[in-house]
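Everything on this sheet refers to the single structure shown next.
We just call them A, B, C and D in the order they show up, numbering each chain from 1.
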Amino acid sequence: MTDRNIRIQSLDRGAVEDQEIEIVERKGIGHPDSICDGIAEAVSRALAQAYLDRVGKVLHYNTDETQLVAGDAAPAFGGGEVVEPIYILIVGRATKRYEGQEIPVDSIALEAARNYLRENLPNLDLETDVIVDVRLGEGSGDLQEVFSEDGGTVPMANDTSFGVGHAPLSETEQIVYNTERRLIEDFGEDHPALGQDIKVMGKREGSTIDLTVAAALVDTFVPNMEAYEAEIDAIREYVTDLAYEYTDREVRVHVNTADDTAAGAIYLTTTGTSAEQGDDGSVGRGNRANGLITPNRSMSMEATSGKNPVNHIGKIYNLLSTKIAMEVVEEVEGIRDLRVRLLSQIGSPIDQPHVADLHVVTESGYELGDVDPEIRRIVDEGLASVEDVTAAVIRGELSTF
Amino acid sequence: MTDRNIRIQSLDRGAVEDQEIEIVERKGIGHPDSICDGIAEAVSRALAQAYLDRVGKVLHYNTDETQLVAGDAAPAFGGGEVVEPIYILIVGRATKRYEGQEIPVDSIALEAARNYLRENLPNLDLETDVIVDVRLGEGSGDLQEVFSEDGGTVPMANDTSFGVGHAPLSETEQIVYNTERRLIEDFGEDHPALGQDIKVMGKREGSTIDLTVAAALVDTFVPNMEAYEAEIDAIREYVTDLAYEYTDREVRVHVNTADDTAAGAIYLTTTGTSAEQGDDGSVGRGNRANGLITPNRSMSMEATSGKNPVNHIGKIYNLLSTKIAMEVVEEVEGIRDLRVRLLSQIGSPIDQPHVADLHVVTESGYELGDVDPEIRRIVDEGLASVEDVTAAVIRGELSTF
Amino acid sequence: MTDRNIRIQSLDRGAVEDQEIEIVERKGIGHPDSICDGIAEAVSRALAQAYLDRVGKVLHYNTDETQLVAGDAAPAFGGGEVVEPIYILIVGRATKRYEGQEIPVDSIALEAARNYLRENLPNLDLETDVIVDVRLGEGSGDLQEVFSEDGGTVPMANDTSFGVGHAPLSETEQIVYNTERRLIEDFGEDHPALGQDIKVMGKREGSTIDLTVAAALVDTFVPNMEAYEAEIDAIREYVTDLAYEYTDREVRVHVNTADDTAAGAIYLTTTGTSAEQGDDGSVGRGNRANGLITPNRSMSMEATSGKNPVNHIGKIYNLLSTKIAMEVVEEVEGIRDLRVRLLSQIGSPIDQPHVADLHVVTESGYELGDVDPEIRRIVDEGLASVEDVTAAVIRGELSTF
Amino acid sequence: MTDRNIRIQSLDRGAVEDQEIEIVERKGIGHPDSICDGIAEAVSRALAQAYLDRVGKVLHYNTDETQLVAGDAAPAFGGGEVVEPIYILIVGRATKRYEGQEIPVDSIALEAARNYLRENLPNLDLETDVIVDVRLGEGSGDLQEVFSEDGGTVPMANDTSFGVGHAPLSETEQIVYNTERRLIEDFGEDHPALGQDIKVMGKREGSTIDLTVAAALVDTFVPNMEAYEAEIDAIREYVTDLAYEYTDREVRVHVNTADDTAAGAIYLTTTGTSAEQGDDGSVGRGNRANGLITPNRSMSMEATSGKNPVNHIGKIYNLLSTKIAMEVVEEVEGIRDLRVRLLSQIGSPIDQPHVADLHVVTESGYELGDVDPEIRRIVDEGLASVEDVTAAVIRGELSTF
């Protein structure tokens, strides 16, 4: 046990699960904001890896400012087209020279972004539908990072910042998160008409959950209005079944409710994302580090995606607090709701936060004293291995949005 | 009294003022994120006014996606220079043609942005230090707004969204907010060396408030290191005095703590903003609609700045809930803490939210029942006059960041 | 015989072949200016074809303003890399809507440009080495072109402009032109190290021709300095042999004379074009329509590449006058040198130039009267079938640079 | 007398003045191509001067690639507006660091361009009508120029290039050139309605000169169609009078012949340049170094504007050959037509061209031998003082377009 400043107390609100109204949102990976998050993080990972490969350590960079300017499209049953390409501008800072060696940061960023798009937006034709531009500046020359794969000294916090994590996910949160994830990963396997831009909004009032799904369909795989409606029905059915895996509450599922099929105004796209027509996007405007937007819970404004995982304290603490919260809930019995906040101390090693501040709602029958020691141990270990977060981010094992 | 769905209940957490740890942040108007917020909102106002002047109603637009790419500078005592201009890309959608009339939305946006910079960043030379670029697309043609100055029907909510407001501000919040505001508006009058990029972080632990101020100084007005240190001292003194106007707690003020004066590494700029060198920015990443980042409170992720104030429900509800919360606290006695949430109902008029959800912490000696009727009345009236928010935004009377 | 205004007279200078000093230049297809010419023309062809396919006629467009901003590269024996991608901005005007139909001109331009690069610069990696951006505006709405594949009325000239063509090519011109062409098409087959950026300058003084070749080599295929020098030797030998096919004059061939092999300063590239490092380019700055820069001859400043081939009179007349000159020389005996100039008449059909102005140098033993009637017939037929030029351009059968 | 290789011979064609058909064109300073030329050269001068001021010598740069993307405008009698700003991208290379000192080349370029626009296009509102963007790369690091105001060694030619100059101007050339110049400098003084975009095309057939003037008028100063027609009449009258100062031939003046006043299709602009609506531009596509496009004469394809005046041999030789030609004609009697060509020798000092090649048409009564010695002397002196050209360019005393 170290002398880390860990404070554990009862949460002075009830569990989110017990609040009367709960709102949860997830912007799917094809949402314009998420596309920016994804590119920013993909570029970040590629740069970190390139630095490790070339100079043995991660140099200074931050690429958390991708901007997407929507295109224009003319979707049509059976296959339309993009009329004006989406424009994506990758913005950030990266060290371009180190000890006489040039690092091709712009080329790396360009390739990483295009690969990300290719893998995650299969209906986007990279030759006609999107322009990827890069404006990476040099960062401050004196900021050279010290992370290497062999380990090393723990970096110092360079800012007063904080991160926050929660566990366990409420039923509504689980449903919202998994709706998007499983639609993409499972349902989409057999339904090529499903696009990647799926926005899920969950609202729970008491014991009724309204789940609103806005799912872009891909016109090539939708020959006519009947087919469109059949897909919507299939989504509704799939999501309804899925939701009842997570809850006994009543669930009402609404899919593409803004459609006006009589007027032909439906959510049909050529590329599977609304970025093709009128929806701009940027980094840090969508999901928090746990993949959700949860106004019932404390959130950090920090854009996690694209930040340097070696010394950007906001990124590290958001990911670490989330990880710690999940580990605690998994290992310790009797916790109904948990919030972990890590507050940095400028100039101190990042494994020594100013305070690790935990608020616990115990299940009935459990006292705080029952769970305190085990929680404290897990937090302490989590902080001690803070650099695992950095490594996991670089390997792409931790999602940031 | 109407049939609006207004729910008032006790807040199931204590007042923020009573929590053990409180974190509050404000990014000043010269912070790169705030510059983007300010430009986005200035462009929005200019467009709304132009539409009113030319076609008598506000047409469809959203300009909430300005991206700032940092420049490069060589500040120096007595006056340095910008080496590479800041690049600002205004992104969004705006209706360019209406009933045969062309609306010069790009020119309007360009002028509004440049005027905003001129007024708010007096040390930025618009001829050498910044490039303002515009990429406004056309929005969906069928979305034509119906707001006119003569009033009209209340718009329908076009999305499921919510807004949140709080009152009163805690002591720490008041201090953080007013530190930046009064430094700019009062202290700066006699201290031209004070730049516009002032970031204030407040952290309260129990009854001690740590106030960390990062203030960019302007090199032209700082002849040497002594002058620099004198300015920092003056800021510290000014802020300390200011803080004690709002609290009896202990306050510790830290100004430009990252400085290493021995090494000459100080927060000196040519233009008064860190955007001149390495700090990128974008809309919606900084302050919430009440001017603060408050992780102890429920926040909306919505970028309020730049959104169309006629029918963007997230913007309207964030501003309205904040306005209602402030009015309630001003008019009703006995409220220690109040949270107002407005949740929209797609397809219903925006003055009829799905629910107006209020959580109250009463002062000791007051019961919820004492304050409920008066609160209810204020909320009801606030909703009834929702279009006042739109008008006030267009007139620039409501700050969005 | 028509009433076209055709004037044929003796050229009042000697044949270029007989002048004391002659200068001829060709920028190869990988030269930054030629890349722009090539893209501009590829985009033009793609647009013309798309208009024909979609609306049955070619609508108004001009895409003659591509700008290339050079990248940065770190070539190295055995394979280097591009450090900062080349940036290519496609500029122009194109009709985006026609009778309710949207034409995806930006997407078409983007695809055509990328395909052009892929086909013509095989060593350029489109995922890392180049950014293609598009800014196509709408042209004047009232300018709708009337060319259709079924023929139709002859367009009117919309400008006072002229075109000029010459034949036959002088020996030096033949050598310069074919050096680049045959290096690319023949020598390059077995020499992958040969890049696409080959600049050939021919200077003839009396009976001595100095041929200066600057050829970019591709680093992947050049393991070391010996290999480099061997390639240079092979090029010199190949070009020398080639040159003597066209002349009995003395030819001196200089390849990459700016190299300083001792200092390691050689013409080595990663992509085969100097655009990768420091050489910008734009349309219309390089070769004239016959593929050469010939200061000994009358030239048009008109940028032929990218112009609309239906009604851009400068483009059509440059191509047509060149075609006529070549046909005359092929069919008519006794011509040593020929210049064809076509001058347009605003508002008249383009097959009725203000004047077709031919200057002839006959071979000894021939009088102007001998050749006049046949020349006149060929010119008349050429003008009568002016629309063949348009069709040939769209099919890609006529080179413009 | 030196050993410079100067060759003087009779021109084997007649004087241009004696040719049957002559075509001459000038694009005025407000033409989109000329705007680019002007900006490129203004940026070049500003950079050269900044280098001299800061490091005492001119460092490596070339800024000869400005690209203009036309805007969109809605001109109207009495005052219209720009709907979409003109976009100008300044492209080139410039040394950004020298012996530890940073040179703010991007800021210098931006300011120079904006100042140039302000001074030369008084009707262009820089706050609403134009976006100036900059993408200057670093040039090759090893190319550091050696020009200093104190003089120094003569630079070496870095390329095989040539320049060409002519004198005297033919009557048609004088008329075309002065039409634009005097309209701007004299007529415009009292006629604010005259825009800056004036294109003059002169065509002489035998002894008849057709002068076609396309002059943009500025809508603010044109209240109605009568006023428009009155301005056109005034221009026609002014130009006609002007033309007869230079010739006894018949002159026919046509102003804005493409107008269709009945249909309201006239050449009315808001800013005085066609760049506001649909006409793109770039460097080096318009006037040659003597301000004219003269297909009857030998021309260089070289873009003179924006090139580094210290060592860009094409720029220097074009300007020097023009200067020499004019000096010869001024000082030597009996010359009817003169062409000066300077051909560089890679690796030799630029005052030692490979050949200075002069072709003379003497007036009747003069033999070549009469004028040869004096011509030779002037050429020799001109070459000896080649660096005066560089200095004059930097001081802005030599026009490049």
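In this section, a residue touches a chain if its C-beta (ideal position, glycine included) is under 8 Å from a C-beta of that chain, and two chains touch if they have at least 3 such contacts.
Chain by chain, the UniProt names read as follows: A, B, C, D = S-adenosylmethionine synthase.
Computed from a predicted structure; not experimentally measured.
Path length between subunit B and subunit C in the chain contact graph, taken as the least number of steps between touching chains: 2. Comparing the centres of all chains, each the average of its CA atoms, the largest separation from subunit C belongs to B.
Centre-to-centre, using mean CA coordinates, subunit A is 51 Å away from subunit C. Separation between the centroids of subunit A and subunit D, computed from CA atoms only, is 56 Å. For the pair subunit C and subunit D, the distance between C-alpha centroids works out to 25 Å. Residue positions of subunit A with contacts to 2 or more other chains are 72, 84, 87. Under the contact rule defined at the top, the touching pairs of chains are A-B, A-C, B-D, C-D.
Partner subunit B is touched in their complex by these residues of subunit D: 72, 74, 81-85, 87, 96, 102-104, 106-108, 110-111, 114-115, 127-129, 131-134. For subunit D in complex with subunit C, the touching residues are 7, 9, 11-14, 19-21, 23, 62, 64-65, 67, 69-72, 84, 87, 89, 91-93, 135, 137-140, 142, 158, 160, 162, 164, 201, 203, 205, 212, 257-258, 265, 277-278, 280-286, 293, 295-296, 298-301, 303, 341, 343, 346, 354-355, 357.
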